[in-house]
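Letters A, B and C name the chains as they come in the text, with residue numbers starting at 1 for each one.
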């Protein structure tokens, strides 16, 4: 016999049952697991750990040790492509399919430029700068279905991704952020509450200069003229007609870029944001202005 | 045992009454013939609309006369006031509220702390007696206690955020379903005499113990004075609302503003991303 | 204890008479320190920004307070979302996400969307991948009727009987095996 309408039925049952009070409530039966060591048959036994030795005492051998054999990890040749993996920069991926899903669910506003701060705000992307993660790697999974016109700034993007975004009349920029700037972008509210001045964004390290100055990867330090040439070239390579963004109604949004020294859109380095009184403290001191503008 | 319970439930004649909406137009005012004041029906437009369960309608009552007057109808969100009544979740919340501030001061002395017992009671060998090193060993009468309770043991733990949230919605729903939740317009009394409150509770068939909840932490003078001298009638601001107090009192009386504020806050947390917000409160985790 | 005290005194003697000078060296260029900030003993601070070298600096730079600035819109965009936003109806959803339909609420049973606007159908993998259980959560209305429908749908889809289990108090149904895709399709067809 099953009851119909679970919630309604149980609420109407309660109407005719005694009042729920501190005296007549209880947890579900058997919801608490009693992990007591029994003393009866098997209960007082060795719990499957065997008699004496490493099994009973859990003093296991070190990982990889094979009781005197030449261990497996030393027997096979070394794989050098893993050397220095703990020092390399990591870019946690975000697929174009997931980006489209975020846009479909209205968790990110496409009428504004999208950067790592707005993607973290959406709740569907996260990363940790303290684990040497340097931002978003936008990957090409779902490039076929992607159909949003956006101005997006990521840290790493492949050629297919750039083509997929530019095909829909969007704009993509790859930009470098130092770990400290990424921490601010990850939790801007926490930073504003700390009452510190917004710092400058650092310039990329020497091995990344090439990537971020090249027009092919749409680097933020590349020449805009070169980028517009590369946009046409890519359109010819992938065989799509490039939408003219100069005549687009959202041209001001699509042409919005951050300064290479800027971390947040619209907020300049050196400013202090006061969330409580809703005001911004802007430095006037010549010394500071020259420092933050350098 | 089980069959007795089943037959008891059968005797209750439970039937699900379909929810009939009396008024459907938006914020209608229907003047009633027998009463002086007009009956207002408030239909609400929530940011998070009820998906399947229909909103609950409750009467807005008054407490400025002993006779009950219906001042209007009021809609309550089903996610907050008609949630599935989970007795186990109510129980977990009550246990948590009891344990979170409980420190056990039960204390026993170990063999080291019991006075004396430094000397070996008799020689190890040659007497035919069991070997012992101290007369305060746990085996001895008057000896120390092995594995006894030691004082200052805290029973603090944190119930997961959403179980705490569910505890509030479940208890409010159960109270509403059992006719133990009443909505009043405000807490303005004509007199500060506690007898008035006694009579009112008696007449309305509330209580005897009543918890009054307002949305602010300052209340009109009359009600605070009246409540002050009655130990089983208490008043609480909306931010103090908790499962234990709701169960401790027989009847829960919310002001209209308090009911709205509870609904707003709980709906907000039911529809918010709580991962970053709860990160700081996670215990036993890196 | 005595040794510790002696060493502290020795440390203090080293810096006696020139504390201000030393602390000025440690702070930012040209910063002035207020009285009472001199701590002779070296301490470790969790954060340079919270150390007295920064917190005790007297304000000396010239700045301008802009109230209700035009840039506040840029600050607002950065603040976290209070609740997960509702989805505005669109013509197409290229990602394959499907919005719930209005007619689903007239059915005798209902599967509510999660706060992230997804259908709550999940796969539980236990015993190192040996046991797979598909779980449908947040069921309202007639759970047993929904169970019968799912059973017959899965039987027709798989060509064999599929075991299911109903949890009335928890308001969920579990089906033995990985049927997430099938059940998602079924839920979308019903409009959940």
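The rule is simple: a residue touches a chain if its C-beta (ideal position, glycine included) is under 8 Å from a C-beta of that chain, and two chains touch if they have at least 3 such contacts.
Just so it is clear, the structure is predicted and the values come from calculations on it, not from any experiment.
Colleague: Based on mean C-alpha positions, I'd like to know which chain lies farthest from chain B.
Modeller: A
Colleague: Select, from A-B and B-C, the pair of chains that is joined by more C-beta pairs in contact.
Modeller: More C-beta contacts join the chains of A-B.
Colleague: Give me the ID of the chain with the smallest distance between its Cα centroid and the all-protein Cα centroid.
Modeller: Going by the distance between chain centres and the overall C-alpha centre, it is C.
Colleague: So what's the Cα centroid distance for chain A and chain C, whole Å?
Modeller: Computed from C-alpha means, the inter-chain centre distance equals 12 Å.
Colleague: Based only on mean CA positions, could you tell me how far chain A sits from chain B in angstrom?
Modeller: Here the centre of chain B sits 39 Å away from the centre of chain A.
Colleague: What whole-Å value do you get for the distance between chain B and chain C if each is reduced to the mean of its CA atoms?
Modeller: 27
Colleague: Give the residues of chain C that touch two or more other chains, as numbers and ranges in rising order.
Modeller: 80-81, 84, 86, 140-141, 169, 171
Colleague: Would you please write down the residue numbers of chain B that are in contact with two or more other chains?
Modeller: Touching at least two other chains: 53, 84, 88, 273, 276.
Colleague: Could you tell me which residues belong to chain A and also touch two or more other chains?
Modeller: Those would be 4-7, 28, 123.
Colleague: Inside the complex, what are the residues of chain A that reach chain B?
Modeller: 4-17, 19-22, 25-28, 31, 123, 187
Colleague: For the complex, which residues does chain A have touching chain C?
Modeller: Spelled out, the residues of chain A in touch with chain C are 2-7, 28, 97, 100-101, 103-107, 109, 112, 117-118, 121-123, 142, 145-148, 188-189, 192, 194, 196, 264-267, 272-273, 275, 277-285, 287-288.
Colleague: Within the complex, which stretch of chain C touches chain B?
Modeller: Contacts found on chain C: 80-84, 86, 100, 105, 110, 112-113, 115, 140-141, 169, 171.
Colleague: Considering the complex alone, what residue numbers of chain B touch chain C?
Modeller: Chain B reaches chain C through residues 47-48, 51-53, 84, 86, 88, 268, 270-273, 276.
Colleague: What part of chain B is in contact with chain A in the complex they form?
Modeller: 9, 12-17, 53, 82-85, 87-88, 90-92, 94-95, 171, 173-175, 177-180, 244, 247-248, 250, 273, 275-276
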